[in-house]
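The chains carry the letters A, B, C and D, assigned in the order they are written, with residues numbered from 1 in each.
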Amino acid sequence: MALLEVDNLSVTLATARGPARAVRGVSFALERGETLGIVGESGCGKSLTALALMGLLPENARATGRVVLDGIDLAGLNEDALCRIRGNRVGMIFQEPMTSLNPLHPVGRQIGEALATHRGLGGAALRAETLELLGKVGIPEPERRIRSYPHELSGGQRQRVMIAMALSCRPEILIADEPTTALDVTVQKQILDLIRDLVRELGMALILISHDLGVIAENVGRIAVMYGGTIVEAAPTAALFADLAHPYAQGLFAAVPRVGWRRDSNARLATIPGVVPDLPDLPNGCTFAERCTLANDACRAAAPMPIEVGPNHSASCIRTDAARLSRKSA
Amino acid sequence: MTAADPVLLVDVRGVTKTYALPRERLFERPPMIRAVADVSLAVRAGRSLGLVGGSGSGKSTLARLVMALERPTCGSVLFRGHDLNALAPAPLRRLRRHFQMVFQDPFGSLDPRYRIGRIVAEPLDALEPTTPEARRARVVESLEAVGLKSTDLAKYPHEFSGGQRQRIAIARALITRPELIVADEPVSALDVSVRAQVLNLMRDLAAGFGVTYLLISHDLAVVEYVCDDVAVMYGGRIVESGTTEAIFADPRHDYTRTLLAAVPKVPAIAG
Amino acid sequence: MSLFLAKRFATFIATLLGASVLTFLALEILPGDPALVILGIDAPESAIAVLRLELGLDRPALARYLGWVSNLMTGTSANSYTYKVPVAELIRERLEITLPLAVLAMALSILFALPLGIYAAQSHDKSGDVVIMSASQIGISVPNFWMAILLIMFFAVNLHWFAAGGFPGWSSGVGPALKALLLPAIALATVQGAILARFIRSAILDTMREDYVRTARAKGLTRRATMWRHVLRNAAIPVVTIVGLQFANLLAGTIVIENVFALPGIGRLLLQSITNRDLVVVRDLVVMIAAMVVTINFIVDLLYAAIDPRLKPHDV
Amino acid sequence: MQGDTFLARGLRNRSFVAGGLLTLALVAVALLSLAWTPHDPLRISIPTRFAPPSATHWLGTDQFGRDVLSYIMVGAQTSLTVGIVSVVIGMTFGVTLGLCASAARGAVEEAIMRAADFIFAFPAILLAIMLVATLGPGAVNAIVAIGIFSIPEFARLTRGAANAIWVREFILAARAAGKGDARITIEHVLPNIASVIIVQVTIRFALAILAEAALSYLGIGSQPPTPSWGRMLAEAQTRIFQNAWLAVFPGIAIALSVLGLNLLGDGLRDITDPRLARKR
């Protein structure tokens, strides 16, 4: 049995223009020690998926479907039981390290909070554990920094503090939602390397969420591409790049400018026509149909189910044959 | 007036810009920060320049100095041989139609209370007022150049997506038919699929309208795609500059190397 | 001392000085001859001349101002024109009623507002929230002196639980004295408490939307623990500001309320002095109330510095 | 938000509708009283003094036998006038100062804001009392005093809102387009902070009505024969053991007017707050 099984997870948001199905029928499994990347553009539902896993959806959101952690269905748990899982068995890192830390508490106290809550640590033991965590995430002079306030740290250091906090109870799963979007490229690399090393060292499973294809491609073993609230394609990283099957995934990967790309050819960037749709406007059929050059009436009629297109490789598209053909000929 | 080099658009000569930070102690002088330190830089017509660097490297400050939105602490910024900070307001305004700007935030750079027609016409209204008919024709021409329709004139910014708004911002910059467009992180707030559309548009406009860019970006791939020359900024200084090919193929400065090494790589797609 | 506090202390002193100058100018220079103002236009020339001498009006304005300020500092002061006793003594006597009244009202206001505001925020958009917010909206709209009259009608006229006004003096014991202050304090606290409850609610709601609250929940803290450890302290920063401003408003409110209940506090003294044209008293009273307000604002700043580490000097 | 007009959003907002109706009622009563009241509000009739509410005198009569309902209706004129004039004074000067401070920045901003903070150190009613003490009691002095002391609040609020607009990129775009500070202030800053100012206008209007009532209650606001709700309460209080109802109706009139304006302000804030609009 997988460590985490997500089965037909949907999230509906109450908006001024009526209910919006922001996440629709997302299913995936995560083994112990596995790293999964969820990649997609704004509004594709990737962050809401992560918050749904944590049971931390905003007030106007309702989730349906099953999230099973190590045999426990999280939907059936009461708030107290969920609290015992959050920060203990599942840790999470957020995008904005500045606003995600309480400005009024020293960072040491914020890191130790989870340890005190879940492990009942206190006093010298808590301090020792906190110092060790600070050292582990590469913060110099932990003895001094344990008393620092967030505003006294740089962006990269704050994100290290966030990592220390998420890892304090040795969770089995780490969810990182856009952990480096607010940081400079060079700092980004340090943080991603740190996350990758710690995940490996502690044997955690990782769910890394990002809009940046490069960040995802370099740091995970398996990738799920989301669009319009669904996973349109999922595969092991190497297999995905070797054989993209979904028209959106193809378009997305072709639209990224790459360093060194210009030297190879003078070709233009490929583009996907149209715009990323607003959530309440998403159609009932395939959510990508409006922007897809291959779409036909069948695509618009019903939402496509995921189909196996290779070993461990699925795509939610009824026209993958045509899509793969058109890509090969291009 | 100096005889201007026909291809020299922007000539930044030894520019330094310092800001005073809030005081930290009562009886000490407020700490100063040198956002830009003794930078010299030239942009020639037809050769777009990319300015790369991390946050706080001074690249955005430099962009504002070139736009004459800030005064340098010392040094001078020349456009077509005119010292921007020595000009009186009226001649400066006449000169402004030749250099325009595109901003980062497609949601913040358009006044939410104005219709698109008025937003796009703003530089025209401020710099070279004209008849209503000519104004409308120019606005439509500008909108169509960026792939929008004349029917969009009467809409408000909130009716458009991020990518479309960035097109509107580009249309606004284009309306005075400038030679130079200073673009400060024009695509960093856009989604990947839309970013490619805007980057292609920028390249097309360079070819079609003879626009030269001073492109500020932290994204090396974006700069490589649009620019002919690159300057790398670090700590307020330009640490390395040269043609795009040379810098990307053979970076000399340590920081440039670190920067290039840090960019996450997207594997090439098979097929 | 941090830079923040140094700046605030400078502002505090400057505001005190400014307040004294403004009050002095308003009452001595603007309306022309104070002696004439006090005695009225029909007063005989000789009486005016005597009063001018008594008020020291023969000296230049600057000298009079400096004399007045130095008197304020040393606690000695001129005699009241009507009461013929030193103003300082008069004020000290009256403060014994006004200060306890304001403090009692503030305490009541916080006592009402804190639980109601927190409860409303926690049950955001549910019926409890709607009821509390509607009630507080009405509370804000009721003029405090009308509230006072209603309280008198109900508790004094109908139920005879309280007297309709007056003050027995502290010499008659703490119990009866507090009893006389209770209705006035409730009248004052109703409006302030309603405002405070709304403010506490919105401060908590704003804080609950912060990213670090989500972080705390992601750590596994319960809603309750998150509320106590992360929300309330952070929400306290804007609330402290409002409490400070409210205390100032309460001091001003006592002027009206003391007149409703015929309490011999500084508010009533102020009004009587205005009616009697006793400008010496008015001047000292105004400056004293302003000084109290400014002092409270300074205390609020001290509280900020205690709550918010961002206002302490860095050790980096 | 598309196609969602201001009015449509307003009609969905309970505070806005209730506040709007109450405020309209206040204005309607004030206007109506110019043309018609049930009785002559100023006619003194000793035989019918202290009449309890009845068919002829719906809200009874006061110690001079005047019809309370008519007197309250006419009193609405006073409250409305005080509100309008003092708000116009406060808004005109306050908004101008705030905009100047925000556009000028640096030392000018510092000076304007320190001055505003300074006046803020005095409770408004204390300053009003002081001004009335020096200039003498009367409705005009009260109005001016209330107006002047709402200037700092308008200035502070305007400056805060304007500063938030000045850092937006569309301001930079306007500067890059060659517009000067004055033009940007009028064309971009003012329209974008208008909603904040309008909300403040309703709040200050309510406070002005309260302040006038308090000053008149103390006997240093509007003087007889100008009708005033506050003075009605002061007169009623002297007869509180005999004719308690006299102290009820003027208070209700004040509370409803203030409630209406406050609700209107709350509603306007909800409707115009883009943060809330996005969330819904």
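The criterion applied here is as follows: contacts are C-beta pairs under 8 Å (C-beta built on N, C-alpha and C of every residue); 3 or more make two chains touch, one makes a residue touch a chain.
Because the structure is a prediction, the values reported are computed rather than measured.
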(request) Select the chain at the greatest separation from subunit B, using centres from the mean of Cα atoms. (result) C
(request) Would you mind telling me which chain pair, A-C or A-B, is linked by more contacting C-beta pairs? (result) A-B
(message) If I average the C-alpha coordinates per chain and also across every protein chain shown, which chain's average lies closest to the global one?
(response) D
(request) Round to the nearest whole Å and give the separation of the Cα centres of subunit A and subunit C. (result) 53
(message) I'd like the Å distance between the centres of subunit A and subunit B, where a centre is the mean of that chain's Cα atoms.
(response) 33
(message) Using mean CA coordinates as chain centres, what's the gap between subunit C and subunit D in Å?
(response) 22
(message) What's the distance between the Cα centroids of subunit B and subunit D, rounded to whole Å?
(response) 47
(message) Can you list every residue of subunit A that touches 2 or more other chains, as numbers and ranges?
(response) none
(message) By the touch rule stated above, which residues of subunit B touch at least two different other chains?
(response) none
(request) Please set out, as single numbers or ranges, the residues of subunit D touching at least two other chains. (result) 1
(request) Would you tell me which residues of subunit A are touching subunit B in their complex? (result) 41-42, 184-189, 192, 211-215, 217-219, 241-244, 250-263, 268-272, 275-276, 327-328, 330
(request) Could you pull out which subunit C residues touch subunit D in their complex? (result) 11, 15, 18-19, 23, 26-27, 30-31, 137-138, 140-146, 149-150, 152-153, 157, 164, 248-249, 251-253, 255-256, 259-260, 270-271, 274, 279, 282, 286, 289-290, 293-294, 297
(message) Could you list, by residue number, the parts of subunit A that touch subunit C in their complex?
(response) 54, 56, 59, 79-80, 83-88, 91-92, 94, 96, 99-106, 113-114, 117-118, 148-149, 151-152, 162, 165-166, 169
(message) So in the complex, the part of subunit C that touches subunit A is made up of which residues?
(response) 124, 210-212, 214-223, 225, 229-230, 233-234, 307-310, 314-316
(request) Note which residues of subunit D are touching subunit B in the complex, please. (result) 1-2, 168-170, 172-180, 183, 188, 191-192, 274
